[in-house]
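Take a look at the structures below.
Shared between the two complexes below is chain A, which pairs with chain B and chain C, respectively.
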Partner chain A sequence: MNVAASGVWQKNPALAWREIDEETVIISPGESVMHELNDTGSFVWRNIDGQLSAMDLAGLLVEQYDVTQDVALTDTLSLLEELSARKLLLPAETQGGGAR
Partner chain B sequence: MSSAVQIAATPLMDRLIARTVRNRRPLSVHFDLTYRCNERCVHCYLDHDDHGEMTTAECVDALEQLAKAGAFFLTFSGGEIFLRQDLKELLTAARRLRFDLSLKTNALLVTPGRAEMLKRYGVRRVQISIYSAEAAIHDAITKVPGSLQRSLAAIPLLQEQGILVKIACPLMKQNLLAYRGVMALAEQLGVPYVLDLTITPMMDGANGPLDHRVSPEALLPVLQDSALHACGTKVIPEDFGSAPVLGSSVSSGVESSAYEDLPCSAGHNSCYVSPYGDIYACVQLPMAAGNLRNKTFEEIWTNAPALERIRNVRESELPLCSSCEIRSYCERCPGLAWMEGGDLLGAYERACALAETKAKVSGVTNAKSAWHKKISVETGALPAHAGPASKHIGCVKTKEKEILYA
Partner chain C sequence: MRLSSRDSSLLAAASRRYRGFNSSQGKRFSIEVECEPAQAATPHEFVCDFEGARVEADNGDAHFTGVRHEYALDSLLRMYLSWALLPQDGFLLHAASVTRNGKAYIFVGRSGAGKSTVASLSPRGSVLTDEISLLKRIDGEWRAFGTPFWGEFKADGSNTSAPVAGIFRLIQASENRIERLRPAELLKALLPCVLFFSANVRDHQQLLQILTGAIRGIAGFHLYFRKNRSFWEVLPS
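After this line comes the complex of A and B, so read on.
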């Protein structure tokens, strides 16, 4: 796991995306690749704002869904890592970014 | 919550189409910004005039409403989009609203600076009309001397910006056999292309452009061309000409089993916006559903009787076509059925004739559409003073198909 719980992320500004009926479709124009997030992935994506940390996002998941903090954090970090690997997320300029 | 947060597997596009059809979300929108143009293509279905285009603010408001309704794949087209003085503002709005943006243009006005601007505003794909690799043929169709050279010059400018370029080549009498040259040109440039057999009447129903349409018999050299078949001849629904080809994570084509018994995406998960704010199910189905100047998009999309009528069409329930023996060769378009025959559910001559031609090319003997069979019977029963069957047929337009170089 290369993503820190304290890390802060922002959406890649080059992306096109749309949340449609609680699922999110994302296209990275440079690669012309489409990605899809399910409802909880979309919930996290919706709340990624360049201000909230991974821990904050996990907290929001706990409030929204019937899930423990540990599971929420594990899943959030996993998602952020994958989104980062796909260049859909970038380290936020504040706090020096989201990776360790 | 094991795996509750995950990135879904392929094929994404099929699922997206299925979901948006089921929930009636306008996933794909074709937005003509203007009908004005700096070319005068002989086959064009537009009048090239400005009858009161939406202002910048109206266009931006329309884009915001579309985004809110779930529209994602957005195509700016025309007319020639670069004639909109506010194109930069509209691109800015589209970028802000996170549309996946495509453009259709003749590219005459693309400069290095404008190509860079398109990249900066997130334009992913640009489709350019090229009618021939020979300037004499292309320029005669556009009626603009030097237009081929200028359009072709734009392609590397766009490619340098990482923008995907596709050549669209409508085929008509003037350039029917020029497609081989266009194929070679596209390969040389490293871009995909579409050969499009569609020539339609004017938006107001005038049939002038149809004089340029090729007869089914004259299309035989194209339909029988082994080079096209070797490349994988493919039918592409017009409405998803703007859908992305997204590598391995997406279904291979733009056809989708999600449409099942529906004739196409029009009115289900796609629509058209005119420069004047009119909403249609499709540019080829100009049955006005409403206007953004007096209703919201949501009101129109949700409640318009015209859209509801289109949504109720089912291929299996078409009174004549559903029983046609050569249906599998037919590219019937509900919009053209309505425009040509006045019947959303009806057959129309061009589709029937083309289906028969294609069936014959494929080795079907005595290929005859259900409509022509019916006409034959009815003609025999007509009184002596009645005109020939062709007079009753009277339709001269079709969506036909696009042949994709895979």
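After this line comes the complex of A and C, so read on.
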């Protein structure tokens, strides 16, 4: 699966999550599975709102952390792809028609 | 809790098993038990199935159906309580709880971690449970309560409680020592050991909120321990 930089994502509403000390714990009730995000993963997760694109999220990473736009975008796309594969994210309904 | 059933033999057995926890006063869980299976699926706030038996619950009352033996009743009780404790700021945990000097020490771990060992190394009467602990925040203080849920289906426990001294994740080792856990680490250690059966995401959000309160209010540790009483020497008083 390839995630596009223009893609927009939303958190899966069927999940429960909590951010503790810049780490995020996500529970998938249907599967009784726990997922963990580190500080940068938590930063991206916190900002996924169904409006911002992957490119927008990478831009926020550049502002927050000392990384280049290229590195931020690569890392963001990689994280979004992983979260999507785990069904923690869903494509947001946008005028463009979806996340990819 | 208050149990009622038309099955007199099951009720008698349950009365013996849970004799220390039956209450006719104060806040209570009212549970009606039937051996017949549920007639039809109707919406309830909480529904959970176990080997042909079912718990359906709304507010404080529960209806158990398809209960043909004590084991099923005990399993449904655990399922139901895990949900019914949410409004009371409480939760169930795979953990042994032992009191010492008026405080409760919570030893958490999955099967084989050493819960029963720790309990067996503790004086009789000091063990609140060797298998399933109940933690609840009352007036800002986290307390551990005795439960009737013991390992190997033993009937034991008393309806008493004590303030929690700490939560200790059991790790068998060749030496005794403790390592303090950060709150996030404690949450990740607790989550796999929390009993929770609801499929409702709002219930899980509420559980996470309660657990967040617990990890902020209770000190957590890794406890590396030898299988003898000497581990008490490294625990905080």
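Note that in this section the second predicted complex is superposed on the first by the 93 of 100 C-alpha atoms of A that agree within 3 Å, B and C clash if a C-alpha of one lies under 4 Å from a C-alpha of the other, contacts with A are read in each partner's own complex, and residues count from 1 in each chain.
Note that a residue touches a chain if its C-beta (ideal position, glycine included) is under 8 Å from a C-beta of that chain, and two chains touch if they have at least 3 such contacts.
As the structure is a computational prediction, the values presented were derived from the model and not from experiment.
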Given the alignment on chain A, is it a clash or a fit between chain B and chain C? clash
Comparing chain B and chain C in the superposed model, the one touching more of chain A is B
Output check: A:V71 vs chain B and chain C. Expected answer is one of first, second, both, neither. What do you get? first
Touch check for A:G30: first (chain B), second (chain C), both, or neither? both
For A:R18 in the superposed arrangement: first (chain B), second (chain C), both or neither? both
Where on chain A do chain B and chain C both make contact? 14-18, 20-21, 23, 25, 27, 29-30, 34, 36
Please output the residues of chain C touching chain A within their complex, sorted ascending. 182-184, 187-188, 191-192, 198-201, 203-205, 207-209, 211-212, 215
Given the complex with chain A, which residues does chain B contribute to the contact? 1-8, 12-13, 15-16, 19-20, 23, 25, 27, 67, 70-72, 98-101, 122-124, 162, 164, 244-247, 249-250
Note which residues of chain A are touching chain B in the complex, please. 14-18, 20-21, 23, 25, 27, 29-38, 40-41, 44, 61, 65-67, 71-72, 75-76, 78-79, 82-83
Any idea which chain A residues touch chain C in the complex? 13-18, 20-21, 23, 25, 27, 29-30, 34, 36
